[in-house]
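The structure appears below as structure tokens.
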Amino acid sequence: MSIRDRSVAPTTPILEEDAAMWTAKIRRSLVSTLPPERLIPDRQPSYLSSWIYMFGALTLAALSIIVVTGVLLSLEGPTWWHLSSVGLFVNSLHLWSVELFFFFMVVHLWGKFFMAAWRGNRALTWMTGVITLLASVGAALTGYVSQTNFDSQWIATQAKDGLNSVGVGAFFNVLNFGQMLMWHIILLPLAVIAITVLHVLLVRKHGIVPPIELTEANQGGEA
Amino acid sequence: MTAIVTVLLGSLIDMSKPGHYIHWGFLQISLSNLIVVCLMVVTFVAAIAIPYKRKARNRS
Amino acid sequence: MSKQRNYNPDRDVSPWRGGYRPYDIAKELTVCFVVVAVLTIGLAITFGSPDDKAITIKQWSSADQVDFATTAISELDGTSGTATYGAPYNHVDGAGQKIGPIALQQWVGVHHPVDPARDFVLGPLSTTPQSPALDSALTRFQGASPSDQAAWEAAYEKAIPHAKVINGKLIVPPGPYGPVQVLMAHLTAMATTGALDTSIVQGSGFYGTDYTKSLLFIGDSGYLANQGADHHLSGDQWGMMNDTGSYPGQPWLWLYTLWYQVPPFTTSWGDNADAIVWALMMLLTLGLLLIPFIPGLRSIPRWTRVYRLIWRDHYRS
């Protein structure tokens, strides 16, 4: 867009009274919380020197492959993979990307735990991570009961007892294939993605947690 | 060619046979699950133990 | 007015004032994506994914007629797992799990009404093309007094363990079953043709996506339980962690399923085990969520000193 293009108005409020606009306030708040160089940084603190830091990105990569393979499965419907060898292969991709997702997520969790990554006002980052884990377990359960095979029959008939025992089963009916499929392909992916985005934005906002400080107490033999 | 594609789309290893299970007291775990858990532990230990060397940069 | 909090190394950290280095986040994400994609494709090609075909009522009734008849009579006489379940399927006095005085299952009430006698037996039979024998058996049964119905059902239920399958037909020793034997025979015939699968799912019309009733019916069978045990999926086999065949399952459910293997969950708390385990897991999950605020738990990283390995380059420099 050329600087001479006058079809787009200048974005910075020039007049003092415009600064009170909701739009201006929201924009200022967002930009001050996450200026571009913090949102998409090209610098990292020098203490980031371990392979363990890759596991957040690996988890995100696995999540993106889950979404792509899930979209491919959606193109042909929930029973396609029983009837087509290409469908079976896409289902296999979806299954193994989920296995990798949980694998990387748990290693990431262990790493963040041992780094005490909640320090320095980062409690919400930890909590959104745990909530993502829980939402993912829910997504996996709804996926399992949507398979339209023996496994989904078994898991549904067993899982119902736990859910019913605390009243949840009345609203979240694992025996209702239609409901479970829609939770699996719409509601829970939206939840997982939304909470993951929040989690990543919190990491960008607060930065990666600095190391635990070595003190006389924890340098020697005693804690 | 079709045969190769069919094999690739299916699986090279037949995993439909019943699995092996390891019993230890009241604990029971399938061999596949045990392998996955061990791999996770090994990966975690490797991730923090293996040195992470970045390329030396001359730019400040 | 706020006082500055005391510095707590498990909760606080001083802002970083040290150096930074260049870092290509876009490249890192791309490399991670490619690596995970290659791993996924490799695993999919090597191991594929499991797909054991769903059990149908047709399959179950053909493979194990005695079990089918045993389950069917228990649905008719109200002694099956589904008939005695309680909420959210039906009202049954005293049914439902509790955590102490908290009876969430009962309090929530019936949301998916299931009447096993009507939904699994009498309803499907009344939709099937009527033969004179079935017509008269249905009329006789539905017109009889509750005590007559109960007597016929009890007699049949007592006899069914002694039944045999000869030339593909279920032969029950003679007894005072009234019209119940004819009803069961027609239900079995309906089941073995596959008509019962369709009838139970589509109870409300043309399209069906809710398999609550068929799954509850099959879930009451010994057949499904045996299939689960054969695949090592039963509760007492740590089945929650497993998948069919040799596939890895859900090892992350280890703590959830562990409770089902030990007393008192297997003994005195057995009747309410599901509810108690859920409550316990919710508590532990809350603990995981709130680690940043829990003294002691949030000190474990400092005490275990794994961080010394993670940040060793930093500490050296």
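Every chain is named by a letter (A, B and C) in the order it is written, and numbering of its residues begins at 1.
In the analysis below, a contact is a pair of C-beta atoms (placed from the backbone, for glycine too) under 8 Å apart; a residue touches a chain by one contact, two chains touch by 3 or more.
All figures in this text were calculated on a predicted structure; none of them were measured in a lab.
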item	value
Pair exhibiting more inter-chain C-beta contacts, A-C or A-B	A-C
Innermost chain, taking as reference the mean of every protein Cα atom displayed	C
Intercentroid distance (Cα basis), chain C paired with chain A, Å	27
Chain centre separation (chain A, chain B; CA means) in Å	22
Where chain A touches two or more other chains, by residue	49-50, 52, 54, 88-89, 92, 99, 106, 111, 114
Residues of chain B touching at least two other chains	8, 10-11, 36, 48, 52, 54
Multi-partner residues of chain C (each touching 2 or more other chains)	21-22, 44-45, 47-50, 52, 231, 244, 248, 306, 310, 313
Parts of chain A lying in touch with chain C, wherever the complex brings them together	40-50, 52, 54, 57-58, 60-62, 64-65, 81-82, 88-89, 91-97, 99-100, 102, 104, 106, 111, 113-116, 118-120, 122-123, 126-127, 130-131, 134, 137, 140, 147-154, 156-158, 161-162, 164-167, 169-171, 173, 175-179, 181, 207, 209-215, 218, 223
Sites on chain A touched by chain B in the complex	49-52, 54-55, 85-86, 88-89, 92, 99, 103, 106-107, 110-111, 114
Touching residues on chain C, where the partner in the complex is chain B	21-22, 44-50, 52, 230-232, 237-238, 241-242, 244-249, 251, 254, 261-262, 306, 309-310, 313
Chain B to chain A touching residues, read off their complex	6, 8-11, 36, 39-40, 43-44, 46-48, 50, 52, 54
Chain B - residues contacting chain C, complex	8, 10-13, 15-21, 26-33, 35-37, 48-49, 51-52, 54, 57, 59
